[in-house]
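Some structures to go through are shown next.
Both complexes shown next keep chain A, but they swap its partner, so chain B is in the first and chain C is in the second.
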Partner chain A sequence: MLNIKNFSMKIGNKQIIENINIDVNDGEIVAIVGESGSGKTMTALNVVGLTPPGTVVEGEIMLDGESLLERKKNDYSVSIVFQEPMTSLNPLMKAGEQIDEVLKLHTELGRKERYNKIIKMLKNVELIRAKEIYNKYPHELSGGMRQRIMIAMAMINNPKLLILDEPTTALDPNVQEQIIEIIKKLNKQEKTSMIFISHDLNIVKNIANKIVVMNEGRIVESGTKDEVVRTPKHEYTIKLLNAMPKGKKMRRTSNDDSPMIMISDVDLYYYENRKKNIYNTSIDFNVYRGEILGLVGRSGAGKTSLAKAILGINKNYSGKIIKNVNRCAMVFQDPLSSLNPVRTIRWILSEPLKVQKKYTKEEINMEIKRIINEVGLEEEHFDRYPSELSGGQRQRVCIALALLSEAEFIVADEPVSALDVTVQAQILDLLLNVQKEYGITIMFISHDLRVVEKICDRIIEI
Partner chain B sequence: MNRKKYKIGLVFGIIITLVLLVTVIVSFFYLPYDPDEMNVTQKFQAPSAEHWFGTDNFGRDVFSRTVEGLKTTFLVALFTVIIGSFIGTLVGAVTGYFGGIIDEVIMRINDVLASFPSMLVAMVMVCILGRGPVKLVLIMGVVFIPSFARVMRGEFMKLKNRDFILSARLIGCSHWRIMFSHIFPNTLHTLLSSVAIGFNNAVLVEASLSYLGIGVQPPHASLGRMLSEAQGYFSYIWCVLFPGLVMVLMILGCVLLSESVVRLKRR
Partner chain C sequence: MKSVLYIIRKIVSLILTLLLVSVIAFFVYEIIPGDSVTSMLGTEYTEERAEALREELGYNKPIYERYLIWLENFVTGDMGESVNYKMPVADIIADKLPVTLWLGLISMLQIIIISIPLGVWFAWREHKGKGIFIEYFNQFVMSIPSFFLGIIIIYIFGNILKLFTPGQYVDYKENIVGFILYLIPATITVAISKISMVAKFTRNSMVEQLQADYVRTARSKGASELRIFLHHILRNGLTPVITFLGMVVAEVMAGSIIVEQVFNIPGLGRTLVVAVGNRDLPIVQAIIVYMAALVIIVNFFVDIVYKFIDPRITIGMGRE
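== the complex of A and B ==
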């Protein structure tokens, strides 16, 4: 049905996609797997015709024998769902109205008919209280609900082909599963062909008929699901498969010393219109020196809020938190917002030493040079700004920052969930090394149980 | 495409602003005529090689007076925004960063100040405190504080909860250091555009006050003062045209410069 033939794409002088061939048959789900920068999203954008300006393409993309590269812009035989449902929805419009917009633009249906069709579609993506949800604004919905709205919006016109660009990456694992089930159901029910883009082979395994593995703009391997997952041929595919954390690896239980941090009977709350809303009660656990403690829980359970309460930057809790620790640090989920965007890496790294006011300029320079090598960066990174580093590199800077501030206790809040799988593995290794070498205590927050099980000594659920 | 537009804007902005700036600096050392010297035998002369912009009703050289007026207006506006933005940033930083009761109290005072039109407040204060260039700058500076404070408060409130600020707190930076070493550099975009807007408003307020006769006092030249003096003699168009044109150029240059810099940096 969809044939991508000898397709190449350049932006300026940079080769983004090089000579790829992908076929999608009727009713089939084809997964494109690769790290960011592998050209998988660009391939998708070419199919929907949303290429950035300055793009030069070669080759052909045909849908049912018609070239997609030459078509008019308002074609809706192909729909797309993006990764981040919050930014893809208009915050000022009710969810139902946004779906309605699509129908208004592309059909001649009357008000009543459109409404009924939308309600039916919302029920189809398993939003049971469809009428209620129709009138909700995006911020009133959870991430999973928003992604369902996006899928409903994409499916409402019965497209021939639906492209899903990392539709579950930003979601919790159990929500991920629900969304995958919905996608599978729609695929069966409506016979829509789909392209499913992801960096996670684990998810792809459960849904795709065929898998295409891309790296640096080229297809390195493609075949049916079983061929690729069971008998991978290319080393890059093997690397991706190995990068997936798997298996339990509990190393040791905590030392029997007195606890470093005691959390007893803590309630977390927030204020809404000056009313106190308690959203998690009676949290009780200890953190022992030298361990890696995993903190898991559903989204909204207050994992981050609890961590911030421990660090003393969140005052909205009651109960007791006793700390026997001098300095703490935090590695955040979004590595871009955790570094000051207008300062160079050198400035950012010097800051914890400057604040202590006991080092000379030379000492500071020596020390940051030592640490930056320790976390696997080079001196050439010193004069860059955070935006000029990759996600993994920024996370390394955050870890360096924690080391430089001589932290004994680090909270790592989803430190790898925004990263590619291979980079994830590197950052986790770095955290483990740092923990071993400096004897730092780490509290590791994640919604990804596989990661938590891989590196943590002990897991607490709140 | 848009980038190109802003680049052209930037070049024009730099040229206009630079020319005016050089003119102001040169005027400290040299002017072709004494801007206040009257010569009744030479009144209302059309622009010529001798008097580039002609002469006015007292036979004063309009070119020299325009340059002198430019200098006055420019300096008044400059010091106004310096005072306004400096104190405004301080107020905004403290209220935005700390929040709570300090924020409530200071911002309500700010609201009260801001709820009067700046012209009106300036006029009342001139009447109370008296006239003179230094007093004018002080009064206008105070009048301009609330707008800067409001903008900067917003920026500080927005930035103080970002992850990198939390991490600065964990490192052990003092509040003062976080406010001015970590947060402040992130607000420069916004500050630059509000300074540009503030500068333009200050030019207009100074011109309006002088036009109404309560700003810069005769025989001292300012652009607004010159427009006001020339309004009886519209047939001698050069008396109105040149000061007006210079004022337009000053505002245009400033807008082009700041707007282009902000847009170009953002992308």
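== the complex of A and C ==
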């Protein structure tokens, strides 16, 4: 049904996509897998007709024998669901109205008919109180609900092809599953062909008929799901499969039995209209010196709030937290926004040493040179700004910062969630090395159980 | 329910801000050196008389008590007497306030009517990737000082076009049409640099929206660029402009002080300048309170309007 034939794409002099061939048959789900920069999203944008300005394309994209590259008007026969449900909806328009816009643009239906159709569609994506949801603004809906709205919007005019660009990446694991189920159901019910784009082979395994693996703008491997997952041929596919954390690690036994941090009977709360809302009660556990403790829990359970309470930057808790530790540090999920954008890496790394006021300039220079090698960066990175580093490199800088502040206890809050799988593995290795070498205690917060199981000695669920 | 609460909260903060302004205006008296009793008595000054007058005027009472008395009088319309004109301040204000209000109102109307479409047009050109020479010109206009601009405008409107006679002020009580015609060159002077500012702000705010993810969503729906611009970007881009306009009101009030000088318009601004020169403190006090109150009240309404335009504004208690 959809044929992408010898398709290449350039922006300026940069080759984004090089000679790819993808076929999608009726009712089929084809997954495109790859890391960021592999060209998978760009492929999708070309199919939908959202080619960025300044692009030169070659080859052909045909839908039912008609060229998609030459069409003048977007008739919504191909629709798309984007990765970011939080920002992909117009914040000032009601959810229902945004779906309605599609029908206004592409059908002649009257007001009443459109409304009924939308309500039916909302129920179909399992938004039960559909009439209520119709009149809600995006900020009043959760991420999962917004993504359902996006799916409803994409499906409302019965497209021939639906493209899903990392539709679950920004969502919690249990919500992810629900969305996957809805997508599967719609595929069966409406016989809509789909392209499912993801970096996560685990999700893809559950949904795709065929898998296409892309790397640096080229297709390195493609075939049925079983072929690609069971008998991968290309080394990049093998690398992707291996990067998926699996299996359990040996438990480390601590020599020192006295707990470093004791958390007893802690309740977490927040204020809404001056009313105290308790959202997690009776949290009770110890952190022992030298261990990596995994902290897991559903979203909204207060994992980050608890971590902040331990570090003393969140006062909204009751109960007892006893700390037997001198210096703590935190590594955040988003390394870009936690580093000062207008300072060089050299300045950023020197700062924790400068504030201690016990080092000379030379000593500081020596120390940051040592530490930057320690975390796997080079001295050439010193004069760059955070925006000039990759996500993984930035996270290395954050870890270096934690080490420079001589922290004995590090809270790592979803430190790898925003990274590609192969980079994830590297950062996790770095954390393990650092832990071993410096004997630091780490509390590792994540919603991804596989990651937690890979590196933690003990797991606590709150 | 929630929006009622929001409005009540805003009203409370409005009243508190106004009280704060009154405190500052009152203490102008205390800070500025010089004793009004001494100047009232003049050559007839003796220690005893001064003491008696202080007693009579209540100057010996503690400061907070005097503030409360002053506030009560002020609210009930008794703002004291001008030292210079020997007239009740309330009468002077009542005479001058309409002049400045008209000046501000006509300026604001010009700003709103011209700058927003201009900014939207800039953004649309940017969106279409067209030239931006006009924006450099805009930047240039923004940087012309208003007293200099005033002189040029007097020269063009008065001496070349002969649309008004510079210096021959027409009183609004006698001839309202003539009065407004006389004001127009002055309002243009106030408005021009603000028009550039608001147009630039509008443009930036809209251009920022062009990058937003929801615009990409709308495009994927097959909406035309014009429709995307009018239905999605316009409203999102204009909401910050409303807040900005609230701040521009303060700028316009400040601008009127200079422009009233240049154009010889007897409004609050000019009266304020003269009163400061003469140490006529009751007038200074009253004008400060009036100008500040005007700006605060306008911004109060801006907040209320904003709340109804942008559904995301909530009462802002507790966590997000």
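Basically, the second predicted complex is superposed on the first by the 456 of 462 C-alpha atoms of A that agree within 3 Å, B and C clash if a C-alpha of one lies under 4 Å from a C-alpha of the other, contacts with A are read in each partner's own complex, and residues count from 1 in each chain.
Simple rule for what comes next: contacts are C-beta pairs under 8 Å (C-beta built on N, C-alpha and C of every residue); 3 or more make two chains touch, one makes a residue touch a chain.
The structure presented is a predicted model; accordingly, all values stated were derived computationally and were not measured.
Following the overlay on chain A, a clash is recorded for the pair chain B and chain C. Applying the stated contact rule after C-alpha superposition, one finds that A:308 touches chain B and leaves chain C untouched. Once the two complexes are laid over each other on the shared chain, residue contacts for A:334 go to chain B alone; chain C is not touched.
The larger set of touched chain A residues comes from C, when the choice is between chain B and chain C. By the touch criterion defined above, A:50 lies against chain C but remains apart from chain B after alignment on the C-alpha atoms of chain A. After overlaying the two complexes on the shared chain, residue contacts for A:271 are found with chain C alone; chain B is out of touch. In the superposed model, A:139 lies in contact with chain C only, and not with chain B. After overlaying the two complexes on the shared chain, residue contacts for A:405 are found with chain B alone; chain C is out of touch.
In the overlay built on the shared chain, the residue A:80 is in contact with chain C alone; chain B does not reach it.
In the superposition on chain A, A:91 contacts chain C only, with no contact to chain B. Of 58-66, 112-120, 202-210 or 256-264, the segment of chain C whose C-alpha atoms clash with chain B in the superposed model is 256-264.
No residue of chain A touches both chain B in one complex and chain C in the other. Chain A contributes residues 308, 311, 313, 327-330, 332, 334, 337-343, 351-352, 355-356, 398, 401, 405, 407 to its touches with chain B in the complex. Partner chain A is touched in their complex by these residues of chain B: 162-164, 166-174, 177, 182, 185-186, 188. Residues of chain A touching chain C in their complex: 48-50, 53, 73-76, 79-80, 82, 84, 87-93, 98, 101-102, 105-106, 137, 139-140, 150, 153, 270-274, 277. Chain contact summary for the complex, chain C toward chain A: residues 129, 212-214, 216-223, 227, 231-232, 235-236, 239, 309-312, 315, 317-319.
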